[in-house]
Amino acid sequence: MDDNNKSAPLRSRPTLRELAYFGVVSLVLLVSLAIAPAKNYFSDWRHYQKSYLKIAAERQSGTLVRSFHGGIHQTWIANLGVVDRCESCHVNMNGALVGATAQPFRKHPPIPHEINQFGCVTCHRGQGPATSVEEAHYTTEAWEQPLLPAKYLESGCGQCHLGPLEGAPKLSEGRSLLSSMGCVHCHNVTQPDGNQLTPGDNPPPLTHIAEKTSREWMYAWIKNPQAYAASATMPNFLLNDQDAADISAFLMAQSTPSAATKVEIKPAAAAAPTGADAATEATTLYGASFCSSCHAVQNEARNLVGGNFGPELTRVGNKVNPDWLRRWLNNPVAYHPDTRMPHYRMDDKQVALLSSFLLAKKDNDLLANVHLAPSTADSVARGKKLVTETGCAACHQINGVNPPQNFAPDLTRVGSRALAQVVFAPGMKHNLPDYIAAKIHDPRSFGPGLKMPKFTLTDSQTGALATALLAQTDRAATYPKELIISGARPSNYHPGGEAGKLMDDLRCLSCHAINGNGGDMAPDLTWEGSAVQGAWLEDFLKNPNTLRPALIRRMPKFNLSPEEIKTLADYISVAYQGSGFDSQTLDTHSLNADSAARGKQLFYSKYGCQSCHIADYKNDKGYVGPALTSVGTRLTPVWTYKWLKDPNALRAGTLMPNFGLKDDEARDLTAFLMTLKAKQGGSK
Amino acid sequence: MATTIKSGFERIRNTEVWRTIFRSGSGSSNLHRSQAVQQNIFLHLFSVKVRSRALEFSPTWYLGALTLSTFFILIATGILLMFYYHPSVPQAYADMKDLQFVVASGVFLRNLHRWSAHAMVFLVFAHMFKVFYRGAYRPPRQFNWVIGVFLLLITLLLSYTGYLLPWDQLAFWAVTVGSNIAKAVPLMGKQIRFLMLGGNEVNANALLRFYVLHCVILPLVAILLVGVHFWRIRKDGGLYVPEKKNL
Amino acid sequence: MQAEVQSDVRKNPRRIAFILRRTSPYVKTQDDGRVMTYPTALSRFIIALEVAFVLLVWISLLANAPLEGMADPMHTPNPAKAPWYFLGLQELLHYFPPMVAGVLVPGLVVGALIVIPYFNINIEGESLWAKDRKRRLMIIGVALVLFCIFLLAFDVIVALVPTILIGGLMLWSARFSSESPRLFHRWLASKPLSFWIMSWFLIELTILTVVGTFFRGPGWSWVLPWQS
């Protein structure tokens, strides 16, 4: 080095301090790096597998311990997007370790599917790929849909099973409520197979409403429908007095006269019935017409008695104008072309009896405090605006207001809605099931400006609706089409010809289904011609009587004329024939007395049919199935034979078991049943 | 004990293999120390001697060294992460889940890469401001400052391209927001964005493009520029340390 | 000026430097102590690397990298935020058209950073107020007021406040000189214009980034970080 640079010393080695720092920091680094694998080692799933093995060892299950494969257990189903590692901790799903009741070692209850067929999260939600408790079960930053509470679990089924499903009653109830409460009037709910749910509540048109009721009743009704009828499905829009007054003013103003007004009311029909027996007579008529099959009335104990297919009649006297009611009873179709109410053939006396009976059903307090200012052009105009904004026309036909399109949010994918898109009410839990349930239960708690009205639902119904909606997932929409099991779609079948007109007038399809169209209240008539004997059918239509005494709903008596009965019976016998109901299936000549005797043996001994059916009122006590005392008059032999062989093939879902009868056994039983004829003059 | 280790080292350094690899043999003279730097392709970017004041903490806060450290950590963890990653939709996201839940210490690996990346961006900025306030950009170091500015941009691009790779909501929307800014470039904004994303929106093409940029092109450019950056320190007369002024 | 050349110049070379006004300051009248790069300087670097590594390892052990749900073009989070280092820009985008905030401003910043070492170098770090004090005061004062009006016109309060603070400090520093009694005043007085501009940039960058990161909620509305 140059002596000029002597003032600039050169240091060649690190100082001791530098070396010390170097050593200490290196050591700290090595230790820190070693912590990472250690942290990895103490993972949740390793912990649970260890405790499983410990329990197994305590129970001396050596085979279980030996056959256990440690490590991450995974169900991978590529086409469903399933990567489920739940079984890494839930190692005892098959219940091999008996009696382990604490999670995560609880045995999975038996289900109709294999676990490796659909994985776990398909039904349970949660984060399948996760192997830590927190991430797998709960809402985290990376995963929104936590484990579904058990009460909504049936929604998992509903992703593939789009129709009613046995074993998933909540789901089925929810789906039917979506339809029967009219939710789908406003909300679109499209199922993964592309079918929209359709409303099943048939709200009345309001185009001729002034004819039917008063403005005061209308006002009270829209303010609180349930005050008039506890079972009303119309929701409460929580209108204020002014809005309700304006809406009622508009609804009265838009009303036009219906076709029914052309019908003249004969004095006999309008006359108040006289005589001591009038009240009894009216009650009898109400009963004989089986009005209560569809309509309910509240009794003194405030219980509803009757069906829920038509409106509740407890206070109908407050609602309807007497003349409207008389015309309605005379022929409902004239007022409401799409009503489900059949056209009873009532004579003037019957109309008078029934109308005065119904008009007496009133509650004098209901409208006592309703005093409306006379309607003005302003209030009508304001009412129209309100009706448009409230979306009344989504359900009801109203003159001058078009049904709104896309009025309410589409619920097709609501079961996968991102929480970021959900506005929660203050104080509620931030998860989707609770949100949906709360929204159904009390929509206005999410803000007074919201349009959705308040429906009258029990908690169980709310839960069922939420279950049905939670089935509408993104996941289901991406499933392979072959997995989807569509529900039955209503066909557009309508009977034709003269008989068709008659059946339409009688609204047979309100209760009976034929060829895939119609209600489910009464038996399917698709094969009725093959099933019953023509003579019995005529007899039945003349004076319908229930076959099952335990049922409340019964076929009403329509007072048909003999020609109408003939037309109907002939048409049903000819048109509603199934295939295979011929002599090739059963040779009726073989049904002789010997055969019948053998059949009786089979009936009472081998198969014990009398435990459900009654063949002889004196001895048998079976009330589960229909009485068979006159079955030989009612059913055709070949139907009976085929029915006995396989009941479910003829009526899906029947309670009648398939006993696996041999051909000759079925024939002998048929022979026996055919001997059970009705006594002359009655079909008891 | 210490002497045994020391002589053991000496013996290793005197073997033929060592000498063929490192070119410098044993010995603890300053000549050997100089050779250790000069004869090494990586170390020869540095000068053999540095001013001792440049090693003090206060002028630099070691920000450049710390930035380089994070860069090393990022290369190491990044290569490991590449073993587990497919730049495709939606597999990229599934790979994140596998890293988190299945790969041994996968979370740790990803954390280390992620936090190091944020640290590097922060340190690059800090380094830049420290250099400015120290006045170390002044002649003859003008061009090294310019290289530094480009390294800042490369770092931002590296971080930004890496941001998309997990393919989660955070990644997707951050990159969507960022790429929408490119649209505002006059005349050819849309074309720039198309070139950047390989399409008109952030999709699988963009993921692949960002992956190639993040794992190949940008790291190579960065390594090259870092090399020049260090070499220029030596050529421009070592680290600039201001003279102590008496205020 | 004279330079002495000795006869043993080959054996004993000497460095002769002509120190002019605009020469770089790395030429020292006297040299500092030196250290061998290997192993001393390298060991320092390795210690720095290890310290960084240890810190990052501990951060990684304690805090997980964010991972949200899978990318879904249908569901836009509100707000959709860029990476934190671009949030300053995103904050500007809130005030200015994208052409200005997204292209012009970053372009100018990068351009300015590149030309810093070439632009009218003030090697001695001469104080802003050393010469033409009155004229400079007026020019800078007017420029500052115009810029503040511009920011006010676009409602950029977050940028206006630090501008006023830094600008005020800068104008205030004109009152002092190297003879001022207090150290802080002398320090203020010694700062060149580049110092003031860079400091303003640093503070703006920090404030805009912090605001964009912590104080912006749905719809880029103002929220406080502790109100989620």
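Here the chain labels run A, B and C in written order, and each chain numbers its own residues starting at 1.
Note that in this section contacts are C-beta pairs under 8 Å (C-beta built on N, C-alpha and C of every residue); 3 or more make two chains touch, one makes a residue touch a chain.
Quick caveat, the model's predicted, so the values are computed rather than measured.
Chain nearest the geometric middle of the protein is A, using mean C-alpha positions.
With every chain reduced to the mean of its CA atoms, the largest distance from chain A is reached by C. Just count the C-beta contacts per chain pair and the biggest one is B-C. For the pair chain B and chain C, the distance between mean C-alpha positions equals 21 Å. The distance from the centre of chain A to the centre of chain B, each centre being the mean of the chain's C-alpha atoms, comes to 63 Å.
Chain geometry summary: the mean Cα position of chain A and that of chain C are 68 Å apart. With touch defined as above, residues shared between interfaces to two or more other chains in chain B number as follows: 30, 33, 49, 52, 100, 107-108, 168.
Among the residues of chain C, those in touch with two or more other chains are 32-36, 39-40, 44, 51, 53, 57, 60-61, 66-69, 72, 75, 77. Looking at chain A, residues 10-12, 36, 39, 142 sit in touch with two or more other chains. Residues 10-12, 36-37, 39-40, 72, 83, 85, 129-132, 135, 142 of chain A are the ones touching chain B in the complex.
Those residues of chain A lying in contact with chain C across their complex are 2, 4-5, 7-14, 18-19, 21-22, 25-26, 28-29, 32-33, 35-36, 39, 141-144, 418, 420-421.
Touching chain A in their complex are the following residues of chain B: 30, 33, 49, 52, 94, 97-98, 100-102, 104-105, 107-108, 168.
Partner chain C is touched in their complex by these residues of chain B: 30, 33-34, 36-37, 43, 46-53, 55, 62, 65-66, 68-70, 72-73, 89-90, 93, 96, 100, 107-108, 110-116, 118-119, 121, 125, 128-129, 132-133, 135, 137-143, 145-146, 149, 152-153, 156, 159-160, 163, 166-174, 176-178, 180-186, 201-202, 236-238, 240-243, 247. For chain C in complex with chain B, the residues that touch the partner chain are 24-26, 28, 32-42, 44-45, 48-49, 51-53, 56-57, 59-61, 63-73, 75-77, 80-86, 89-90, 93, 97-99, 102-103, 110, 113-114, 116-118, 121, 123, 125, 183, 186-187, 190, 195, 198, 202, 205.
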